[in-house]
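All chains are identified by letter, namely A, B, C, D and E, in their written order; residue positions are counted from 1 within each chain.
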Amino acid sequence: MIWEIKLLALILVIVCAIAAINAKDLLSAAVIFGIYSFMMCVQWLAMGAVDVAFTEAAIGAGISTALMLAAIFRTSRRTKD
Amino acid sequence: MKKTALLAVILTGALLILSMENFPSWGDVQSPASLHLSRHFIEKSYEQTLTPNLVTAVLGDYRGFDTMLETVVVFTAALACFLVIRLPRDVCTPGLFYYRHTRTGLVVRKHDACELPGENPTFERVDSDWPPHDVVVVSTCRMVIPFIQLFGLYVVAHGHYSPGGGFQGGVIFAASYVLLAVSHDLRTLVHRLNERVTHLLSAAGVLLFFGVGLFGMAMGLNFLDYGALEGVLGMSLASGHSLGILLVEIGVGMTVTAALVIIFKLLSSRGTVTEGL
Amino acid sequence: MEDFLTQLTSKYNFWAYIVLMMVGLYAMIAKGNLIKKLIGLSIFQTAIMLFYVAIGSKAGATIPILRDHTLKGVIDFVEYINPLPHVLMLTAIVVSVATLGVALALVLRVYDVHQTLEEDEILEKIKNP
Amino acid sequence: MHDVVLTILPLLFGSFLAILAGWTRSALVYPLGVVALALSTGFCVKLLLGVLSTGTATYLLGGWSPPWGIVFVIDTFSAGMMLLISGSALLTYLAFRAEIIEGFAEKTAAFVALLLLTVAGHMGIVATGDLFNLYVLIEVAALSGYALLGYGSGRAPLASLNYLCVGSVGASLYLLGVGYLYILTGTLNMADLAQIMLAAPVTASLHGAVAVILFGLWVKMALFPFHGWLPGAYAMSSPVAAALLAPLTTKVMVYVVIRLLIGVIPGAAIPEALPDVAMLLGTAAIFAGSLMAYRQIDQRRMIAYILVAEVGYMVGGMFIGNRTAMTGAMLHIFADALMTLTLFLALGSIARQRGEMVLANMRGLFRTMPFTMAAFVLGAMSMIGVPPLFGFFSKWYLLSGALESGQYLFMVGLLVSSLVNVVLFFRIFETAFFDEPGESVRDIEHWSRVTPLAVAAVLLIVAGLSSGLIVDRLIAGIIPASLI
Amino acid sequence: MYSIYSIQPFLAVAAPLAAVPGILSSRSPNIREAWSFAAALLLLGLVACMVPAVVAGHTYTWVVANVLPGAPIAFRVDAFGMLFALVASSLWVVTTLYSIGYMRSKNEHAQTRFFGYFAVSIFCAVGVAFSANLLTMYLFYELLSFSTYPLVAHHQNEESRKAGRKYLGFIVGTSIGLVLPAMVAVHHFMGTLDFAAGGIPLGAIDPTTMTVLLCLLLFGFAKAALMPVHVWLPAAMVAPTPVSSLLHAVAVVKVGAFCIMRVVTDVFGVETLSALHLNDVVTGAAAVTMLAASLIALSQDGLKRRLAFSTIGQLSYIVLGAGLVTAAGLTGGMLHIAMHAFGKITLFFCAGAIYVATGEKYISRLNGIGYRMPWTMTAFLIGSLSIIGIPPTGGFLSKWYLLNGCIDTGQWLLALTLLASSLLNAAYFLPIVYRAWFCTPDQAQHAGPMREAPLACIVPPLITATITVILFFYPYPFLNLARLAAN
């Protein structure tokens, strides 16, 4: 992969991370966190860590987000920060 | 609070950056990390385990104990969730029951549970807080889920040759059940995989892993030494290791599937395991 | 400056991990919402995973799955990326999802008891029930 | 030959079987736990005897030799630790039979399985010779611990969640440090790492790696100022979980640091300022822990704060940097675990009769529960440091070591905390001795609860009298000769 | 002179402890007290068995456990230890008898507990006497502090709660805060804590550190009640009288004085101390306490409180003897342990007997009581004479030796202090005797015919009073032991 794209993906990861912790709504925070995980997975794919990327795609972006959504569904979306 | 946190965080970051001074640069082929252990793994593992996917070989065999513990961690997490949020059974019966007329989509509320005829139902039970029901979603998912599960099995079985293995396969398998729960309702999932089954399955998975390890001990070798499988079905030493990895991956897959399903069921139903997302 | 730039380019992945880690840590310390804290924790953990995976990378090497033509012959370790960090991180990812699961379960129980996810409100409720 | 691994396998196996049994024959669950713990303890004894006669035992898991595979390395000290962990878990398990069977209803199986897993995790931490395996074991131990501590009403889940956040950060930092060491040396095996590090150039990164690892472990062991999670976690949870984990968790982390300090990390790799910082934190922990303990109303919380101070003892002792103090820190692991066990077992029995553990609820206990209180007194005396109980001797070594190196502030800290402990425990004794129990109080002392407690209390005396033997046979051989 | 490795010291120490389960599990009071008596007699017998060999100059040793390098838990019976053990064990027999009478006639609650802890206390006292090193001594010293707490706080009321707090606060606070670090330091410098080692050689530790260590140990053993750590003693008087007599005549305070004597002679060494002139610290503290306590005693109206301050003063005699660092002085100090014990226990027994018979606690209300309780007051007279040091009582002998010690070294000031203190003793004891016999009773209940306390409360003071007199004429076991130890 071309390094510019890699760098872009890296910046995107950081942006997603900051966005996830600053979202004003837990539901969107969880979804952004899912995107973050997926971008991270792309990062790892770019570094050749296929197994890790696969796992992160399934676990980080998939199940983790689902669990978090389930928990938010059962509690509240409200957040003060 | 926030400012102090920011300051502390920035300070820590600066210290960490300073401490990277003597790291080999990124992608250095001659860095110690690429030489010592990893060189041995890359050069020897195929010969010893007959597994082209190096990650699977190291994960399943050289560091098999790690993997077993990792499976145990997932198993633990399932038990932990069960212990922490599962409500006692007698509390789990809801006060109200909702039934939907399948033709019209009207929802009926009742105080007692109704016997529903098994064949050709005119009414079906729905969750109290998840009434929408979309035919498109349900039908699509019903079609897709078997393929997802098939793919999950493939990922478990083909971990020797391509990215994948027990964890990934197990997670995909679990994801298919999550999809089932989301598209239909949690009760459908519980109906397919009830609590007893998932718990037994999760224990069975780790037990399979454990059993492979014990088999090694029974054959006079060390715990988790897949060399014990040499000679079983006329295998060579290396293919014995390969078989060992496969068995272990199946165990991991079972546990991960079951454990994640347990966690999802508990979280989405707030511990009642009746109604949920 | 020259030095710094070469440092930056040769180690930018390492730098990124530190930034991510600090984002996660900041969220854990400064955010009052329990789920936000957990997101911070997850970011913190993935940052460390990024660091590990970065350790494993090798310039000019390919993914750690042996290609058919090398199976019979001599395998040159320079051709393949270091698999060990990947193995370790697989484990770490699974551990992190397990932790997340338990943490969410605890969050549900906390919500049951206190009816809120904000830390300051919980503390307030503990003080004046 | 398999003794090393057989200490842990019964626990793992028992936990899997407990789940199977829980969904088929639930009456079998509790006995299964007893069998697993008893087997494990038995193998620990066998292992200890074996290690004492033949020296360090190594077990190659999966048959792969180090550094490629994972190994268990058991020396005399770790064999003692293993026995301590499994033994104390067994005692706790036996003492709280009623709570475990009745208190959890259909969750008994899950509880027993998690209990066995957490014990297995702690024992694995002691046994393993691989840095990354250590991380996984820390997580096994911690994750099941979070669940055990988080089960309960009221504030237990919050306290446990707090613990989870702090503990995960600590473990992650440790993992990061391991990554640093890996990038610098290319290995994960402790013995191999020690070899390489001796030859490796001492650089800022090496210092950074060591600092991050130690920092992470400090967070996990609740060293001041990272102690915030500990009192809540132990005071809010069910008495079973508190009695099980309070003697183990922090002590095992201390063990890990000691093992790294004396067996893996060469002196040159430790940043120069680190021992000073550690001494400062250790001393601060002693003062802060004692002060906070003094201000508590809930007695379990009070003892939890004393634990914070005790962590200060051990961290201080191991960083003073002489042989005597190191011996003291190592001995204090055993001593602290035993006396914490005694105190928490006793408090558990009392709490079952009296409910909330505030001072007012402890009236007249000497009359109504004489045996329990006798054991409690022994535990308390050991905390205070009265000879010939175990706590005195470790404190002696620590004092002596501090004097040798001129760490007078630390010495003062040790003495002050002893004196504060006198005040703290005599508050309880006074209430239990002078005040009449209420009309409605009907305390019952059942032999099945008193016996494990009595064993723990008697062990305090026996271990105290044989502390010379323990130091000679278990500890002295482990401390490298270079440490004077 | 040789050392006998034998289990005898261990058996002797363990004898009282062995009775504890018996005492606690007894169903009836008679069986319980039979256990107490049996243990007391057994202890006396075991101790007496060792007397001939010790008098001949041999020592018994027995190692229980090697706990710390150079400081095992071990017993060693030498002349000085034997002297103290003999005093403690013989007085235990008498005190047991007295306790039975006192506790039964006062109908005290929790008597089983009382007798149990009583036995434990004696166990500790004998343990201190037979310790072979500072560590073992500290061990029994601490155990004694804790095991006497329930005795001091026996009444379980608000007053005894306060007294118990003060008692433990001072005793445990000083032992952990002062003795423990000093002990660690001595061990650090010398590598051993054994008494047999014969003290710290001159020059091994620099004089400033030595001074600090000496002060730590001197005031750390707060049971010796040197001012200003004497506060606990008067407060602890709330205990039942048998406890007071045990505490303030036999076990507790004497243990403190014994420890200081040991520290001076066997830890620091007489030669080293006198070479560095550190003994002046000891004698100075003793002299101040002696005078101050006697003056305070003059103003006390409570009988037991007056006795308590008298005890504080008398203990300083022993400390003074230790500080004199001459053979005569040491002999006098050690002998005073025995003489004062017999004298003071007589007085306490009498105070208890008066309380049992009349319920009176204050001196001002004792006018004319001599006619009502002639036997008791006779014993009281003999006890006071002994404390003052008037022949023919044992107290005279020890004071004689002490005075000799002062004069030998030319310390006239100390000699004067001793004499002044004796005068003060007379000044606070003789008025009591005067009131008892020569004042007309102003309470109706003191008038009339003779009405003594129960027999079990009368016989013990008479026995101890007799012994006090006998000791003047035949002081040999104690005098021999003291001489042997002092040389």
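What we mean here is this: a contact is a pair of C-beta atoms (placed from the backbone, for glycine too) under 8 Å apart; a residue touches a chain by one contact, two chains touch by 3 or more.
Predicted model, so just to flag it, every value in this text is computed and none were measured.
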item	value
Chains touching both chain B and chain E	D
Chain with minimal offset from the mean of all protein Cα atoms	D
Pair of chains joined by more contacts [C-beta pairs], B-D or A-C	B-D
Label of the chain whose CA centroid is most distant from the centroid of chain E	A
Distance between the centres, which are taken as Cα means, of chain E and chain A, whole angstrom	78
Cα-centroid distance, chain D relative to chain E, in whole angstrom	44
Computed distance of Cα centres, chain D from chain A, in Å	37
Distance between the centres, which are taken as Cα means, of chain B and chain A, whole angstrom	19
Per-residue multi-chain contacts in chain D, two or more chains	132, 136, 139, 143, 146-147, 150, 157, 182-183, 188
Junction residues of chain A - those touching two or more other chains	50-51, 55, 59, 63, 67, 70-71, 74
Those chain pairs that satisfy the touch definition	A-B, A-C, B-C, B-D, C-D, D-E
Complex interface listing, chain E residues touching chain D	64-69, 72-73, 135, 138-139, 142-143, 146, 150, 153, 156-157, 161, 164-165, 168, 172-173, 176-177, 180-181, 184-185, 187-188
Chain B contact footprint on chain D (complex, rising order)	2, 5, 9, 12-13, 16-17, 19-20, 22-23, 59-64, 67-70, 104-107, 110-111, 113-114, 117, 124, 132-133, 136-137, 139-140, 143-144, 146-148, 150-151, 157, 180, 182-188, 196, 203-209, 211-212
Of all residues in chain B, those that touch chain D in their complex	15-16, 18-24, 31-38, 40-41, 61-66, 69-70, 72-73, 75-77, 79-84, 86, 88-89, 196, 199-200, 202-204, 206-207, 210, 214, 216-217, 221-227
Touching residues on chain D, where the partner in the complex is chain C	132, 135-136, 139, 143, 146-147, 150, 153-155, 157-158, 160-161, 164-165, 168-169, 172, 175-176, 179, 182-183, 188
Of all residues in chain B, those that touch chain C in their complex	1-2, 5-6, 8-10, 12-13, 16-17, 20, 23, 25-29, 33-34, 37-39, 41-43, 46, 52-55, 57-59, 63, 66-67, 70, 73-74, 76-78, 80-81, 84-85, 161-163, 167, 256, 260, 263, 266-267, 270-271
